[in-house]
């Protein structure tokens, strides 16, 4: 059996996002082969006309239903609609989706306003998560696979104007100015 | 006289600033920022809808705007600390782009496309039996519980710390006023000399501008790069100016 | 989207056997078309080299992993169930030990992070259990006697600094904010 089929079975059974590391441990393949296998799986699902798709986010991957059958699947699961997002939540999620993972001061620099309460709120809703890596002794935060599922995209790179906003030099400038301005 | 616009509910200082600039139908530039500086300060002053923990952030933007504006009036004016701050124009332009992107994200969020995982109610039912965690002792729990509590403390302290930060401005205004009454003459450099950090300098500066605006003091600068001299205005009213800048 | 892709998404998401009748209701197709769609799905999975297959018994159909990956899938599920506790899991367990029994929202309020998957995992490992008492219609959870025994104590009150940490004012304050904080 090809590695992509093995990965498909594992992701199916796990029923939640799996890390590349865990998939490598279980399949006995190295991380690079797992990544290539995931690429192949995504292509096969797309090309064979599957009702499933692969969501990739950072080191994680999850097998999910395609967003265009959302209504039917929602009816079967009796899924509840997501509540509306408030302006501050939406703003923080957008910045973290395009630029994340970011530390709290970095997010605050872009929003211009203190954001510890909004971060806590989004963590409680499972829309963002704390990452293991820290910067300048600060935790970093990024959006979760749950958030991507709610938007129906398979990766942050599918978000509108992703390249433009992600790679924007001015954001980087503001952030590097902030790094320099960090007070002990 | 500037036309006063009706401003929608705003969510933060950059949001307010962006609304003001957009209502003037101006592109983001130093000139447009200077144009709306006073409107910004007017919106912040006495605005009951600004959460206490966010007021300090509004004051910081107000100080930056006042600095931009005063530099246009007094080209020689220069403050190293304020110059070092990330520049407001860049910051606002960036913010504007994320506001636009957030509308698209909201459309995706509210739209009908959405993916589902396998139903956890059906997949997570296999009882593994009792599986004790390896290497976990009662002391591990003690250590973790303390860490959890220490992480919560800043959340509860937040309103207090933020209010303290914003209250500084009132104290600075009072402080300056007292010194002017006492000495009749002081200087900006002397005034900010004891400042501990950037925020305090901003706060001092805003306080100074506020006093100028309220006609408590005159500001005078002899030559380019020289210190700004502050005099008590001959018609300065007797009441406490901090009274008009409610926090 | 073809009916076989829709059926695949539905069977995937439901994670249990579905009847042809139910699938017909949800897709709006008639029973014969659903059966044909299931045939097509079985063929496509087989021919595209998928790690999944369709099992049919009587009027029911279910999506499962292929038998030749059973061992790997078993290893993954075992790793997820028996593997080392993650830091977030240990944290939840600790809070329930010192401050339990708590409802899920109460636990999340103290941790500041969504915890539904973690609770499920701790339940499956026999480290926590559901208590009979409920609060605001929510189940409450506490640590099990087995877990306490593994720590070498006979009751939570023997945990170090128990009285002090259980009565901690910060935790009490945060819990009292639950109603306000739950709304974004």
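Descriptive notes on the structure:
By letter and in written order, the chains are A, B and C; residue numbering begins at 1 in each of them.
As a convention for this text, a residue touches a chain if its C-beta (ideal position, glycine included) is under 8 Å from a C-beta of that chain, and two chains touch if they have at least 3 such contacts.
A quick note: this is a predicted structure, and the numbers were derived from the prediction, not measured.
The chain closest to the protein's centre is A, with centres computed as averages of CA atoms.
Taking each chain's centre as the mean of its C-alpha atoms, the one that lies farthest from the centre of subunit B is C.
In this assembly, the C-alpha centroid of subunit A lies 30 Å from the C-alpha centroid of subunit B. Subunit A and subunit C have Cα centroids lying 20 Å from one another.
Subunit B and subunit C have Cα centroids lying 42 Å from one another. Each of the following residues of subunit B touches two or more other chains: 116-120, 123-124, 155. Looking at subunit C, residues 9, 12-15, 77, 112, 116-117 sit in touch with two or more other chains.
Those residues of subunit C lying in contact with subunit B across their complex are 9, 12-16, 77, 81-82, 84-85, 90-91, 93-95, 97-98, 110-112, 116-117, 120-121, 124-127, 144, 146-147, 150-153, 158-161, 165, 168, 170-171, 173-174. Interface residues of subunit B, counted against subunit A in their complex, comprise 11-15, 53-54, 56-57, 61, 84-87, 90-91, 93-95, 97-99, 101-102, 104-106, 108-120, 123-124, 154-155, 158, 162, 197-198.
Within the complex formed with subunit C, the subunit B residues making contact are 116-124, 126-134, 136-142, 144-146, 148-149, 151-153, 155-156. Subunit C contributes residues 1-2, 4-10, 12-15, 18, 22, 26-27, 44, 48-52, 63, 65-66, 68-69, 72-73, 75-77, 79-80, 108-109, 112-114, 116-117, 181-182, 184 to its touches with subunit A in the complex.
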